[in-house]
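Note sheet for the following structure.
Chain IDs A, B, C and D follow the sequence of writing; residue 1 opens each chain.
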C-alpha cells in the first residue's frame, strides 16, 4: 500500500466516524439537558430518536409532505411527546427519588417502543437522502451529501444551543435551575416549568438526530436502545451535564469506533465505545472535560 | 314393532353412522406451529403464519384430511429461546399436537430440539442452519425445509469459479444465520480453491459498513460475499456505491426479500445470489417441475394478503404440506409421521424434496436458482 | 429473620408444594421453572436495589456468565456441572468486583451506567467470540443435572429442585436483611452521609451486596443452561436486564418478598395475556403478542407513579386499610 | 496538649477558585462545649465536613486525639470516635426509631455480611446486645414512647433527637452538631440546651455550629468566630460578644 492510499483510507474512516459521532453527540446533548434540569438520566432518549426518524419517514413517503416542512413538523410532534412525557410521568411525582425517576424513564422507553411497534410494525424504513446520494470525493475518500447535512445540522444546533442558554430568558433560567435549583426558585424561577422545557428541547434534539440519520441507517422501532446507549457513553465521556463536552466526546467516540473497525476488528466494533465509556467512568468519572470535584457531588 | 324392521333400521343406522362418523365426529388433526411472529425476527414469522393459516383454511374448506379437520396451534416465539421452549412444551403437553412446524430461527430451533427429541414429536424447522438436522443420528425427530447453507455456498463458488475469480472477501451479519454462513464459506473454500482474503462482520444494528469495506478493498478481493439475513445487509451495496468500490457482490439466500432490495435502492442492481425460485416465479423456465406450485402459491398468497410473497412463507408452505401428506398417509401418530417423513418426496417452493433416513433436509444445490436484481426486481440470472 | 418472614417462608413453601397438584400440566410447571430463574435473580437484585439503593442494568450479563461457564465447562471440557457452577460463581464475583469497585466508590448511580455498558459488552462478546462461545449459534447438548446419580430430567423434578434453591436463596437474603449488615445497607439507602458518619463503610457494603446479587444471577444462569440444555446469546441481552429491574420494581423494591412476587407475576404474565387474548378474541377483539411490550411498559409506569412501593406493599397497605375500616366499624357498632 | 481533643492546623479548603477555609487554626478542649459561629457562608459547615471526613482538605491538618485524621474517610473517622449530626436532618426515614439508633451501634459491633446470611443463630447474642444498648440511648434523649415508629413520621424536633441519639450510640469522644436548633421551636431549643449539657456531663466533647446566639451564649464554654474561612476571634462567650472584629463581621462594615 502506498502512502496516499493509506491516507485516503484514514480519511474515509474519519468521515464515517464523524457521521456516527454526530448522532451520538446529538443524543448526548439530549441526555444532558434533562440531566441538568432533573438530575436524572432519561432512558427514553433513544426512543425520541426513533420516533423522529419514523415520523419523518411517514410524512415524506406516505403523506408526501415536503422535506423541510416534514422536518419541522416531525420535530414538533416529538417535542410534544416529550412534553407529554414530562407532564404525565415526571411532573406528578411528589417525592422524586432518583432511583424512582430512572425507573419511570425506563418504563416510558418501553412504552414508547411498544407504541412505535404498534404504529409502524417491525419493518425497517428507508428514506431518500436529503439531496441525492452521489458521493463527493476528497483526497481519495468519499463522503455522502447526507453526511454533510448531518455535520451542518449539528453545528447549527450547537450554535442555537449556545445562543439559547446564554442569551434568552428561558435558557438562562434553565441554566440557573441546573446550577442551584433552590436558589433559582428563590429568585422566582419556576423550576417545574424549566423541567418541562428541558424535556421539550431534548426530545426535539433527539428527533432531529433521528430525522437526519434515517436516510443512512434505515429506521426501525428497536433502534432506540443502542443509539441511546452510545449517546449515553458520549455524555459520560464528555462529562455529564456538559453539553459542549458531549459534542466533542460524541465525535471522538464515533471516530474511535470507525478507526477500531477499520484497523483492529469489526467484530467488536460496538464494544469499543462501551469500553471507553467504562474506562472513563472508572478513571475519570467527571468525563474528559469535567472537573473531578464536581462528579463527587453529583447525585447520579 | 316388527322385529325384522327394527333389525334392518338398526343395522342401516349403524352403517350410515359409521360411514359418516369420520366426517362428523372424527377428531381434529392437531399440528403445532412455532413462528417468530413478533419481535426482532417478525419478518420471518409473519409470512409463515399467514401461509400456514391459508393452507389450513383451504384444506378444511375441502373437507379436511381423510375427514379429519386440520387444526393449527400457532405459537409466537418472538424469536426468544425461553418463549420457544415454553411454547413447544405447551404444544406437546397441553395441546397434544402430533407434529410441529417451525421455529423460524436457527437459535430457537436449536433450543427446542432437546424437547422434541425427548417427547418424540416430529419437528420440521423453517430455519436455515444445517446443524439443526445434523448429525442425523442425534436428530431423529428433526427435519427442515429451507435450503442448505452449504449448497448456497457451493452455488456461489461455482459461479465464481466460472468467472475465474479466486480471491474473495466475505462480510457477514452477527446472527445465527450469518455466523453459520461464515463458517460454511470458510469450510468449503478449500474444496473450490477459493482464497478468502478478508473476513469482516457487522451487527444487526450497525449503520455503516464503510470501515469494513475499505479493509476489504485493501485486501485485494476480486468479489465480495455478503452473508446475512438482517435488514442491515442492504447497507453494504449502498456503502459500496458510496465508496465507488466496484467488484461483483454476491449475497446469500437471506437476501430473498423484496424489502431489502427496496432498501438498497439502485445500488442493489447487479447483485447475484442463490435463492429459492419463489422469488422469480415469472422468469423460471416453464419446464421446471416447481413452476406450477410456485405460481399457485404466489398468486394465492399475494391475492389474499396484499403483500409480496417471501421465501420464508414458502418454507412454512413446504413444511406444512409435508405434514399434511404424512397425515393423509399414516394418520396422526407422531412416530408414524416421522417414519413417513423420512421417505417423503415433495415438489415444494424451496425445491424438489427427497427425504431419507440420512438426509433430513431432502434438498441439493439444484434447489437454488442463481438470481440477480434488475431494476429492483428478482430475475433468474442467465449466464 | 423476623417471625413474619418465617411464616412467609412456610406459607410460600406450602404454596409451592401444592401448586403442581393444582395445575397438573407439565407445560405450566415448565413456566414456573422459568419463573424460578427470574425469581432467583430478582432476589439478588432486590438486595441491591431495595437495600443498597443502587440499580443494575446489566444483571443479565451475570446470568450469561453463569450459563456460559456451565455450558462451556460441561460440554467442551467435560467438567462436573457442580464444579462448573462454582467456577461460574467465581467468575461472576470477579466481574462484579471489577465493575463494582470503581463505580460504587462514587456517589450516586454510576453503577447503573457501568452495568449497562458492561452488560452490552458481555452480550457483544458472546455474539462475536464465535470460536469460544459458539456465537449466535450457541452451545447445545448441555447435560442435565444429577444429584448423587439421581437425574433431574423431568419438569416436575426440576420444579422441585429449582424452587428449593430459590427458597434457600430467599432464606439467605432475609437473614442478611435482618442482621447488622442488613441494617447498615438500609441505612445507606436512607442516607449515605449519615451511614458514613455512623462508621459504616458505605462503598464496601455496596460492593459486597452487588457481588452477592451477581452470585444469585450467576447461579440462576447455570441452572437455566442445565434446564434448557441449549444456550445462545439471546436471553442475556440488555432487554432481559431491564426486565429483571422491572420485575423487582413492580413487585416492590423495598422488600425481598416484593421481588419474589414481582418476578413470578411478570413471568407468568405472558401466559395470562395469551389466555385473556383467547377470551377477547371471542368478542372480535384481536390481541397480538406485540401489545405485550405496551402492557409491560404501562404496568411498570403505573406502579412507579401510583404505587412506588410496588404491588407487595400496595396489597399490604390495602389490607391494613381494610382492617382499619373493619375495626373502626365494629368499634363504632359497640 | 493533653487537654486538647481536636487541633486544626493551617487548614485550607478550596472549591475551584473559591476559598472556603483559609489557613484556619483552632483547638477544641476536651470535655468542653465549643461553638463555631459566623455569618452565612463563612465556612463553618465546611470545617465540619473536613473534620468528619466528608471532604478532604486542600492543605493543612487535623489532629484528633493525637492522631492525624486529615484526608481519612468518614467511616474511618467515625470509628476513631467523631460523630456528627447534619444541618438538614439525616435520619433513615424508612427504619424505626430504635433501628435508627441501632445503626449508631454499628461501630461497636462486629457481625459480618456472610456469616449473617448463612449462620444467623450464632449472632443472636450480639444482636440483642445491640438492641439493649440502643434502648439506653433512646432513653437518654427521651424517645422511648416512639421507639417502634418509623423515623420519617416524627416531628422535626424528635428527628433531631433521633439523630443525636444515633450519634451518641457510637460512643464518640467528639460530637459535632451542625445547627442542631434550626427549625426547632423555643421550647424544643431549651430542651436541646439541656440535652447538650447532659451530653457534656457524660464526658463527651461537643462542638457545634449554631445561629441561635441565645443558645450558643447559654451553653458554650468556648466560642470560635469564623469569617471568610478564617478565625477572627475565640474565647469565652462574653469576651467574644464584646470583640470589635466580631461585631463588624456580623453587622458588615
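By our rule, a contact is a pair of C-beta atoms (placed from the backbone, for glycine too) under 8 Å apart; a residue touches a chain by one contact, two chains touch by 3 or more.
In this text the structure is predicted, and so the values were computed from the model without any measurement.
Comparing the two chain pairs, does C-D have more C-beta contacts than B-C, or is it the other way round?
Greater number of contacting C-beta pairs: C-D.
Relative to subunit B, which chain has the most distant C-alpha mean position?
Farthest chain from subunit B, going by C-alpha centroids: D.
So what's the Cα centroid distance for subunit A and subunit D, whole Å?
Each chain reduced to its C-alpha mean, subunit A and subunit D end up 45 Å apart.
So how far apart, in whole Å, are subunit B and subunit D when each is placed at the average of its C-alpha atoms?
Spacing between the chain centres: roughly 74 Å.
Centroid of subunit B to centroid of subunit C, CA atoms only: how many Å?
From the centre of subunit B to the centre of subunit C is 37 Å.
Could you tell me the distance, in whole angstrom, between the mean C-alpha positions of subunit C and subunit D?
Spacing between the chain centres: roughly 41 Å.
For subunit B, write out the residues touching at least two other chains, lowest number first.
38, 174, 201, 203
Give the residues of subunit A touching no fewer than two other chains, as numbers and ranges.
117, 267, 270
Check each residue of subunit C and list the ones that touch at least two other chains.
Counting only residues that touch two or more other chains, subunit C contributes 124, 128, 290.
Using the touch definition up top, name the residues of subunit C that touch subunit A in the complex.
Those residues of subunit C that touch subunit A are 49, 53, 55, 99, 102-103, 106-110, 112-114, 116-118, 120-121, 124-125, 128, 238-239, 242, 245-246, 249, 253, 290-291, 293-298, 300-301, 304-305, 308.
In their shared complex, at which residues does subunit B touch subunit A?
38-40, 42-43, 174, 200-203, 205-208, 210-212, 214-215, 218, 231-232, 234-235, 238, 241-244, 259, 262-263, 265
What part of subunit C is in contact with subunit B in the complex they form?
25-28, 30-31, 34, 124, 127-128, 130, 135-138, 140-141, 155, 228-232, 234-235, 270, 288-290, 292
For subunit D, which residues count as touching subunit C in their complex?
Subunit D residues touching subunit C: 52-54, 73-75, 78-79, 83-84, 86, 90-95, 99, 102-104, 106-107, 109-113, 116-118, 120, 123, 126-127, 130, 163, 166-167, 170.
So in the complex, the part of subunit B that touches subunit C is made up of which residues?
37-38, 76, 78-83, 85-86, 89-90, 92-94, 106-107, 110-111, 113-114, 129, 131, 174-180, 182-183, 201, 203
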